[in-house]
Amino acid sequence: MQTPADYRSELTIAGRAGRQGLIGVAALIVIAIIPWFHSNYWISQLTFVAIYAIAGFGLQILLGFAGQVSLGQAAFLASGAYACSYVERLGFGSPAGFAAAVIVSTLLGLLVALPALRMAGLYLGIATMSFGFIIEEVAARWSSVTGGNAGTVVAAIEVGGVSLGQPWQIYYLSWLFCLMVLLLSYNLLRTPTGRAMQAIRDSEIAARSSGVRVAQTKGIAFSLSAAFAGLAGALYSHALGFISPEQFTISMSLDLLVMILIGGLGTLRGVLFGAVFLVVSPELMQAVLGMFTSGNTELPGLRPLLFGGSLILVLLFQPDGIDAMVSRTGAWLIRHAVSWRRR
Amino acid sequence: MFKTLRAMDAGCLTIIAGLAFGAIPAAATAAENQGITKDEILLGSVLDLSGPVASIGVPVREGQDMAIQAVNDAGGIHGRKIRIIYSDSGYDPKKAIIATQKLLNDDHVFAFVGQLGAAIVHVTMPLIINKGTLLLFPNAPLEEVYEPTKPLAFTAQPAYNVQARLAATYAYKTLGKRKFCAFYQDDDSGEQVLRGIQEGLDPFGAKLVEKTSYKRGATDFSSQFARMKQADCDIVMFGAVVREAAAAVLERQKIGWNVDVLVSQPSATDTVIRLAGGAAEGVLGVNQMLPLEMVKDQPNVEKVFKAYADEHGGRLPDPAFLYGYNFAMLFIEAARRAGPDLTTQSLIKALEEFRDVDLSFGMAPMTFTATQHVGSLSTNLLKVSNGRWTRIDVLK
Amino acid sequence: MIIFLQQVVSGAAVGLVYALVALGFVMIHKSTQVFNFALGELMMLGAFCAYTFIVLFALPFWIGGILAILSVALFGAVLDRVLLRRMIGNKPFTIFMLTVGIGFCIRAIVMLVPQWGTDTYSLPSPLQGKVLSFGGLIVSADHLAILLTASAIAAALYVFFQYTRLGLAMRAISQNPLSASYLGVRVDTLFSIVWALGAAGAALAGVMLAPISFVHADMGQIGLKAIPAAVLGGFDSLPGAIVGGLVIGIVEALAGFYCPEGVKDVAAYIVLLVVLAVKPRGLFGQPDAKKV
């Protein structure tokens, strides 16, 4: 994976920036016009793509860039969702709710970072997994704040007296946040902190020997990933209208990991591809199956088979994920387009 | 090698892109009606077909399908056949909400029948009602469905806490129990039972002596039972679901504690006897639906079960089949009474004129009025005798 | 006092189930450096195979059980040869995610098999319902069987690793596969054997647990509880796995009895975090020495 060192040098290399920019703008246009053409169902599905992508960017920073394994991201989504809904219930409005979501999750992330500094790999993964289980139980028992097992209904977003409850409104808001987080992550890579993270991922001891402030950098990685997850959680709670402890389980944490891996570990584009895969592929599978079988059979076990099977296939044959597939195909197409023009 | 990889990449991506573009417009063009056409009534049902309560969801679907098939084969209702679309919630509220929205906004169903799961109904009911669509006979004994009365929501079953209240009252007054313990699942349905028990004991000034909980999926209940045994209760009321209830009953036998056990509706089913075997002897339970073994010899039931056995290799359906069959039959009966001009309002009107309508399929007679949208507030008190559930009493 | 002891005994019984699965985790990790997340699902597969042989094919319990364990062991070896083999050299995390994918697939396939599906089945053992009493302490025969089996296996494994050539070879590949292969050890075959043994251990746990917890597709959750047990003892220590399992089981039982509700469900994880905070490599773990 390339480590960008300088804006200008990156731009001069092969002049790819122009092309990347065009594709980015095209994607933005597609995202913007979708609500005009599709049903509410698809709008809400694509909203979840944005929400998962936000959480995914956080996980990518932590795992793909800083190399820290976390099996408990769902805990930060939960803290964000519950913090937001609690603050909103107290009557402080949605902006305060979202701010609370990010702040609470960041603090929680810092809390996790402290012991995490001493652990690596397997042990860190299991520790974060345990943390996830504990937060899940806290959500179930702390009824005064979370509503306990019955969950809590989440009202529509309220900004300055204006209610943003329509699916398309939440859609745009989520994608707006997604874009912001994407840009933040992209820029993070270019900063010394971002490079420090990657150095830690590649070899912690070498990084430390080169003067990288390992503890500080890891702390930033954990807090940032938790902050993004908290934001995603707040959006999630409004997109769904209801949150309960049963949603923030290890299943969600694993789904996020699967998403990152299939999309492409260590790339930002991969997060978006992975999020699209996570939401759209079960739909595709249902559509394809519907063509072969009559009736509306939703066989149990197909969803885990789809994710597990895709994960295995990707890891065996295409470990760099969809992102690599797209890059290679894109490069191949361009090479042939160029050679065509030469003729 | 590189050539093949490129071809593979491009091939995969093209297939995915093509399917994506093909599937999305397909989902966008949906039927533009209210679920009723000249020859069809479209129903929706969000069940758990793959998750923790799939063992209930799958038989419920079988029951619904069988009832609907029978009526369709006989020509339908006033010339309309019933078509029902199922969605799998996996007992995940998120999936349930998305599935419900899809059935509402894309498929435009006329009504939701048999929606499964307290948590699921809790979150999807507002969605359904706010869209002006009917929520009929969910498989979720939830008080908020009928209390306060909502024009578009009808249910056949009293809520978990209502049944628990009746059960606790019965245990206090009739069985003379004074030291109550509760063993409940750490989720919404379990907590509702807990609430009901306390509601039942309050008028007598009695309180729970001990309560213990477990997380769904737990396999070891030794510490919970040790605690309750130490509290020396004379009855343990369960707010548990089938698997854990059976394991808990086995635990009770293991520690040799002869305390009475009264289980809530989800566990007052034949499956618990099948799993717990002899340890279930003497266990009490409440269930609004009569157990399979008790109704299977009725002529009309026998016919249906035989048809089922023919299709499923000679075996009897799961007890949850009765819910599916009965609730679908309720809809069919109401639609029949509503007449050829079937609309949401005409169906509501027909339902609100039900007086002691008895389908004779294990369910209590149903009565609906403009102010009571729950078909029956009574429940059966059952007891396991000689390896079978038998009815002891009817609690009102 | 007797109540306290009873909780300890009951907890130890459950803990040994965790220990059996934890042994599988540790064995595979020790030799192949792979954290096999799918072990819980392999345990479930073992229970379903036992159900098929014993209930559906009406074989005697012991024969059905052994057949089930052998089938799953074979499956484990096949998994290694077909899938894991291709991942050698990859980052540990990537291989871990492969096992996550495998776990998903196993669970999915179990749910799709018509005779299995999502239903719950009982698997009666010959010891069903029998209970032994030791001066006021009650132990169910099933649990006692687990205790004896786990001890026997632990002893057998110890002897195996200390005194047999195969065990020595496995210890060699766990320390340095490359030099072991230079010395003539068939590393790839041994990998498959280790996977077979780990899977067999999990399947055994499944067969022993099934009479108590019934057979159903969500049984793999218990694998999640066994992970703290494995880590507690140090992920590369076989005796540590057993100690870890016992500790977790006993802590859970005591928490269930003495602590407020809900603590029992997370007690295992709280204990784990506390231990890791003090000893980041588990109780008996060796600190990692890495070449920079």
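Points worth noting:
We just call them A, B and C in the order they show up, numbering each chain from 1.
By definition in this document, a contact is a pair of C-beta atoms (placed from the backbone, for glycine too) under 8 Å apart; a residue touches a chain by one contact, two chains touch by 3 or more.
None of these values were measured; they are calculated from a predicted model.
If each chain is drawn as a node and touching chains are joined, the picture has every node linked to every other.
When the interfaces A-C and B-C are ranked by C-beta pairs in contact, the top one is A-C. Subunit B and subunit C have centres, each the mean of its CA atoms, that are 36 Å apart.
Computed centre separation for the pair subunit A/subunit C is 32 angstrom, with centres defined by C-alpha atoms. Residues of subunit C found to touch two or more other chains are 111, 117-118, 261-262, 265. Annotation for subunit A: residues 137, 140, 299-301, 303 touch two or more other chains. With touch defined as above, residues shared between interfaces to two or more other chains in subunit B number as follows: 49-51, 54, 186, 215. The residues of subunit C lying in touch with subunit A in their complex are 29, 35, 83, 86-87, 90, 92-94, 96-98, 100-105, 107-112, 117-118, 217, 224, 227-228, 231, 235, 261-262, 265-266, 268-270, 272-273, 276-277, 280-282, 288, 290, 292. Chain contact summary for the complex, subunit B toward subunit C: residues 49-52, 54-55, 58, 186, 211-215, 217-220, 222-224, 226-227, 230, 242-243, 246-247, 250, 253-256, 271, 274-275, 277-279. By the touch rule above, subunit A contacts subunit B in their complex via residues 37-42, 44-45, 137, 140, 148-151, 153, 240-242, 244, 246-247, 280, 283-284, 287-288, 296-301, 303, 317-318, 325-326, 328-329, 332. Taken together, the subunit A residues at the contact with subunit C in this complex read 63, 69, 115, 118-123, 125-127, 129-131, 133-134, 137, 140-141, 203, 205-206, 250, 254, 257-258, 261, 265, 299-305, 307-312, 315-316, 319. Of all residues in subunit B, only 5-6, 8-10, 12-13, 16, 19-20, 22-24, 26-28, 30, 49-51, 54, 85-88, 90-94, 97-98, 101-102, 105-106, 119, 122-123, 126-127, 186-188, 190-191, 215 touch subunit A in the complex they form.
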